[in-house]
Amino acid sequence: MIGFILKRLLYTIVVMFIASVAIFYALRVAPGDPVNAILNPTAMEQARAALRARLGLDLPIWEQYFVYVKHIFQGDTGESLLTGKTIPHVLATYGLRSLVLAGTALLIAYAIAIPLGVLAAVRRNSIWDQAAMFFANLGMGIPSFWLALLLILLFGATLHWLPIEGSGDLRHLILPASVLSVESLAVTMRLMRSSMLEQLGQDYVRTLRAKGVRGRRIIWVHVVRNALIPIISLTGLRIGWLIGYAVIVETVFRWPGLGYELVDSVIRRDYPVAQGLSLLLTLAVLSANFLANMAYAVVDPRLRKG
Amino acid sequence: MWRRLAANRLVLLGTVITVVIVTLGILAPWISPDDYAKQDLLSSLEPPLSKGHLLGTDQLGRDTLSRILHGIRLSIFVGFVITAISLFFGGLLGLAAGYYRGKVDTAISAVIDIFWGFPLILVAVLLVGALGPGLLALMLAVGLINWAGFARVMRGEVLALREREFVEAARALGINDLRIMWRHVLPHAVPATLVLGSYYVALAIIFEAGFSFIGMGVQPPNPSLGQMIGEARNYMLVDSWLMTIPGVTIAVLVIALNLLGDGLRDIFDPRLKDN
Amino acid sequence: MTSRDRAESGPDSLIDLRGLSVELRMRKRTVHAVNAVSLSLAKEETLGLVGESGSGKTMTALAIMGLLPAPFGKVVAGEVIFDGKDLTALSDSELRKIRGNQISMVFQEPMTSLDPLFTIGSQIVEAIRAHRDLGRQEAKELAVSMLERVHIPSPRQRFDSYPHELSGGMRQRAMIATALILQPELLLADEPTTALDVTVQAQILDLIAELKSELRMGVLLITHNLAVVREVANRVAVMYAGEIVEIAPTERLFEDPRHPYTQGLILSIPTSRRVSHLHVIPGRPPDLTRLATGCPFAPRCPYVTNRCESEHPRLEPVSGADGHSFRCWNPQAFSRA
Amino acid sequence: MTSQGSPEFENLVGALEQNLISRRQFVSRAAALGLSLPAISGILASPGVAARSRRTGRAAASAPRVGGTLREGYDLDFSRMDPINTSWYDPGFFALYEALITLDPKAKFVPQLAQSWSVSADGKTWTFKIRKGAKFQSGAPLTAASIAAVYNAIVNPKSGSPQIAMWAPVIKSVATGPTTLQIHLKHPYANLPNVVATGYSRIVNMAVRSKLGATDYGKKVIDGSGPFRFVDWVPGDHVSVKRWDAYPGSITPFFKNKGKAYLDGINWRYIQEAASRALAIENGELDALHGPAPQDIGRLKGNSNMVVTQLGEESVWFMGLNFDRMEFGDVRVRQAVSHAIDRDAIVKKLVFGYGTPAFGPLPTSDPTYYKNVEQFNQFDPAKSKALMSAAGWTAGSDGILAKGGNKFSFELAVTNESFSTQLASVLQAALKDIGMDVKVNAYDRATHFSKLGSGVDSFTFKYLWPNPYDVYIVLTASSAIPIPNWEHAKIPALDAAHAKFQSARTPAQLLAASRNGQMVGAEQLPFVPIFTPSNVWVNTKKVHGYLPLPWNLYPYYNDVWLET
């Protein structure tokens, strides 16, 4: 286990390093620079040159990278070129919002998907099962952003129940979180169902029945717990996917989260912010997978030792 | 195989729909009633079934049907081409890793893991930043991440196959590695990757649509289903058809592809069988 | 019906199977797994149920427990009388009260028959609490003492270990502990030793024998291995193609087997004298989707006659030999050649 | 061409209803639109107009309430609010800062920081009398010196101010006393008031600004003299300000509230999605809104709790053709492009009639607009073809114009915002009809403007400026090549016209110069004007004292108050 952790740690560091270089380079080879976001488009060249020099954008890229890394090791993580907010502050703000969104979405997804998956498996081929699977297919097929528009049309434009964009109180969270949850919900439900079916066929279930244990207990205490294991390993990937894919949903609802702000900062060429967010995103995905592996071991005693 | 596909009604449905839509997409240039870019500002935002425009027109008076057909064509192109390419490279590397094991495996696996670690969205956003918005950046991004998926699956399959008698036997007979891989390993490993592929096609299509929707993908006037929805958004209260039609198209296509995928999986990989 | 009359039944009988027939209904085909099986087990008796895999032994046991694989397994005829009730007629909740309480079952696969996510102890306690409302502590004490009785070393520690931490033998002991924790009247042991290596097999058999006499219960020992039966069973029933082809007290069966199949089985037991050329019964077990008009064993039988092909033999008692019956049109004297 | 019910007319009636223009002005303008006098008087009498002017009258009459935060939606993202080198000036500038002078609803210059001003006989020295008691929010006194400091900073080419070209005639500004500011000019410059009235010339505390550094000021700290103090700025999302209770009050005549502001604060929200804007205010997420999607305006007008104010906008969407690419240096080619564009169709369909075609460089709604430009640039594809063949371009088999083996195909660079991409597609289609092959490239803003800087074949851009002629100079003066004269226009006649404008001695001369410049621009086409969108403001009936003016770009917030 310790060995595993160390290996993941090393792996994480390597990926992060590669990411940082790739990001740094990609951002700066991109045409356009922050000057256009900071100065008036009609501002004269002198002013532009002056600003570039001040931001050190006139140096060759590798040199800029070197400076960047040096600063980081000096504990200076830099600040937004546009707003002057420090990078940690920026990351905290947007990272948290994304976490809230992705977390809520995942919660909604699991709260619905797991019971339905169980139901579908237990009442296999029943109307429940077929309905559940139908919606699963639907959920995997409907593009989230389109669903988002439909919901905006219904709850925002027609019923005027919910705010259609922005963040703030809980009401702002409802639409984006629901939309974001749909795809996960569908996938999880399918997985839960097949996982349940697999477990229901296991010998230990027969033993339990032979012991005269109540059916409900067999399902909820034993089978479900076994069936959840693959779900947990999926969760890691899910979180990664949610935080990443959220950019689309975040953009539709203008939920200022990580993905949304990443796109924005890249468009504005706000290099420090874009770099910070990119690395945070990468780290988030990596650690999500890592945590999933850990959780795995917690649930499954077979993986605890060794 | 076709008989087995046909066994499950849903799967059959998925297959049929996929085939139909793909055909429509491929034939788009010949069957679409109009030039997808031709505008007639004065007859814009016509509802479906208006004369000359089966599915109506968009805000610039362009024929929606023609744009949908070309949109499908593009989705399919993105979906299948990218998947095919990443399947090819991913498969190759996975095969090598699984077959040779040892150092080769360690090296390749490391690369796979690294690419696997990158959030697709990040790669896409950066590439769009670097190359400018458009199909190229998008397809590169998808390819760069997906190949790793194929490589993983292929590697796993091959690692297992490698121990099978017929491979051992072949090796014992002194048949050279390339031949063994080509003749004895690959054929057995392909199904699993095909199953994955069918899902990846759907994913790629959704992804392209999503990115074109937020304006980072296909650029006008080229029609992409996602971008059509994006433009239609502004008119959702004036003419909701505009966003409904492409939305339904994507949904149907993706659902069909998923059903097809389930079918393939049930056939090739009973272990994963849902029911 | 004829079999019904002959099925010995009396005050000392613990369980009666009367013309029990089980079918497995797949999508297209139906497997006639158990056909009109009648036998009865006396209190504190050990009956060996012997046959090749697929001969219907396990299905018979599962039918008794009401654990036939859903949704295909069905009891289509006959009854199972256990202290006055017909188990096949009971609702699942009524059956549940009996399972693990009055009738317990031990399975073949100790590796997979325990839930990997729970400790041995908790799974035994679960069995207790399913039937008696005991406090956790009492239950635990009971479980620990049971683990001791099945000779699991340092039971207190073992109580908290997970299945994967135990050897196959230990797991099977744990299974047995779970099965016997409530001192059932009847134990169904389905190939309890098959998955274990030979040395362990013996220990498990001894354990079962030992506990049987301690707990004064009846045991239905299901196995494909006659040698095993010879050690522990009072009587032996030989099953073939879902029906009983011969039933007799153990000694008698081994001295004077009448059915060619039984004879074949006995001949295939490795003995000191005959390890070199082991007897093998030619052919394969019959396809149970179609019931043969004649004797199911006919295709493999060395002494087959025309009648065997056409007429289904009945289970006939051996005159003068109490409790020995068999089905055969053309029985031959048994010779240990 | 224009008639009752036409957009221009709508604008006009809107302005009248909001008391933005006097009835006399209305009459003259309406006449200019070609309406008969009976028709006009009919409108003036019409119950709608009368009623609505009365309503606005009553609202203003009832007693203002102190308190509440105004939530206002915007169609543009917010820039760093440093007047001197912001990338654009936003509504916040009208709450945080004050200008030397400003424009009233009648487009007349009125005092703000200066209570009076005069020009020397030779027209080379302007003297402004600065009001007493003006302060910065930091507490520092706002004197003539503070103002001179700002103006002298702007004229420095490194300042990055987009106004440098307009300040060209200015030698320097000096405070001859705490309340006397003198601006010394190279030559007479009647346009000076327009220049000092813009958002870019608003007065910031230079002490604070230079302490923080030119490019860091405005990120976290702002020190102006407006009635509100800075709270925060989140680009892409919002800007918020709170009332400055020590505000010494305003002397601007048309403000009814001479004291501190009524509102506790203002929160401006950027709403990128055109469609979402109307929804947001209908959903009660906003109290006021600028720039709803044209297709939603009709619906808002029908909503009885909304007041929709429709004005002309001091802006023009134009297509820039790079004089150094293709043969855009040849005026015939530029005119060919211009005649291929059906401006009426664009206005009718792309903005649902909420706008006016532009045939010259200035918007029709500007007071100095010269109607004669409309003799140019009318939709006439045949003429385009003729012009092209005169220029030696003939259509090939594929219908694309060619000359000496070169096809007439070029890039059109636009920002990837949904409207500009749509406009681009329209232009692309229009030019295809006359045999020009256009490749549209949509870039994010950063890329777009750096591409413009390094030169592209062609592009689209919408200028928005309180005094459009000023930005017209900025964008077309040959001295401004390559930035911001992205089209690299070199038109001597135009440079001359601009020079005249910049050295006009009297308002009359200024107007004449402007008209001349407009005619030259309409004919020579330094850029190809396309249309001017309507400037639409929406506020709920709970909002009072809310008065957007085309020539100030944004409303002042001194008078605004919220009903509970």
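Per-chain residue numbering starts at 1, and chain names A, B, C and D are given in the order in which the chains are listed.
Everything that follows uses one rule, which is that a contact is a pair of C-beta atoms (placed from the backbone, for glycine too) under 8 Å apart; a residue touches a chain by one contact, two chains touch by 3 or more.
On a predicted model such as this, the values are computed, not experimentally measured, just so you know.
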| item | value |
| --- | --- |
| Co-neighbours of chain D and chain C - touch as defined | A |
| Lowest number of touching-chain links that must be crossed from chain A to chain C | 1 |
| Chain closest to the middle [Cα centroid of all protein chains] | A |
| Per Cα centroids, the chain farthest from chain A | C |
| Centroid distance [mean C-alpha coordinates] between chain C and chain B, Å | 55 |
| Mean-CA-position distance for chain B and chain A (Å) | 22 |
| Between chain A and chain D, centroid-to-centroid distance (C-alpha), Å | 42 |
| Rounded Å distance between chain B and chain D, as computed from the means of their C-alpha atoms | 47 |
| Contacts with 2+ other chains: residues of chain B | 132, 233, 236-237 |
| Of all residues in chain D, the ones touching two or more other chains | 273, 279, 443-444, 447 |
| Every chain pair meeting the contact rule | A-B, A-C, A-D, B-D |
| Chain C residues within the chain A interface of the complex | 65, 67, 92, 96-101, 104-105, 107, 109, 112-118, 126-127, 130-131, 162, 164, 175, 178-179 |
| Of chain A, residues touching chain B in the complex | 11-12, 14-15, 18-19, 22-23, 26-27, 29-31, 124-125, 137-138, 140-146, 149-150, 152-153, 157, 190, 193-194, 197, 240, 243-245, 247-248, 251-252, 259, 262-263, 266-267, 274, 278, 281-282, 285-286, 289 |
| Chain A to chain C touching residues, read off their complex | 202-204, 206-215, 222, 225-226, 299-302 |
| Chain D residues within the chain A interface of the complex | 80, 85-88, 157-162, 164, 215-216, 219-220, 233-237, 269, 271-273, 276, 279-280, 282-285, 443-453, 471, 474-475, 482-484 |
| Chain B-touching residues of chain D, taken from the complex the two chains share | 273-275, 278-279, 293, 295-296, 299, 342, 345-346, 348-350, 416, 418, 421-422, 424-426, 428-429, 440-444, 447 |
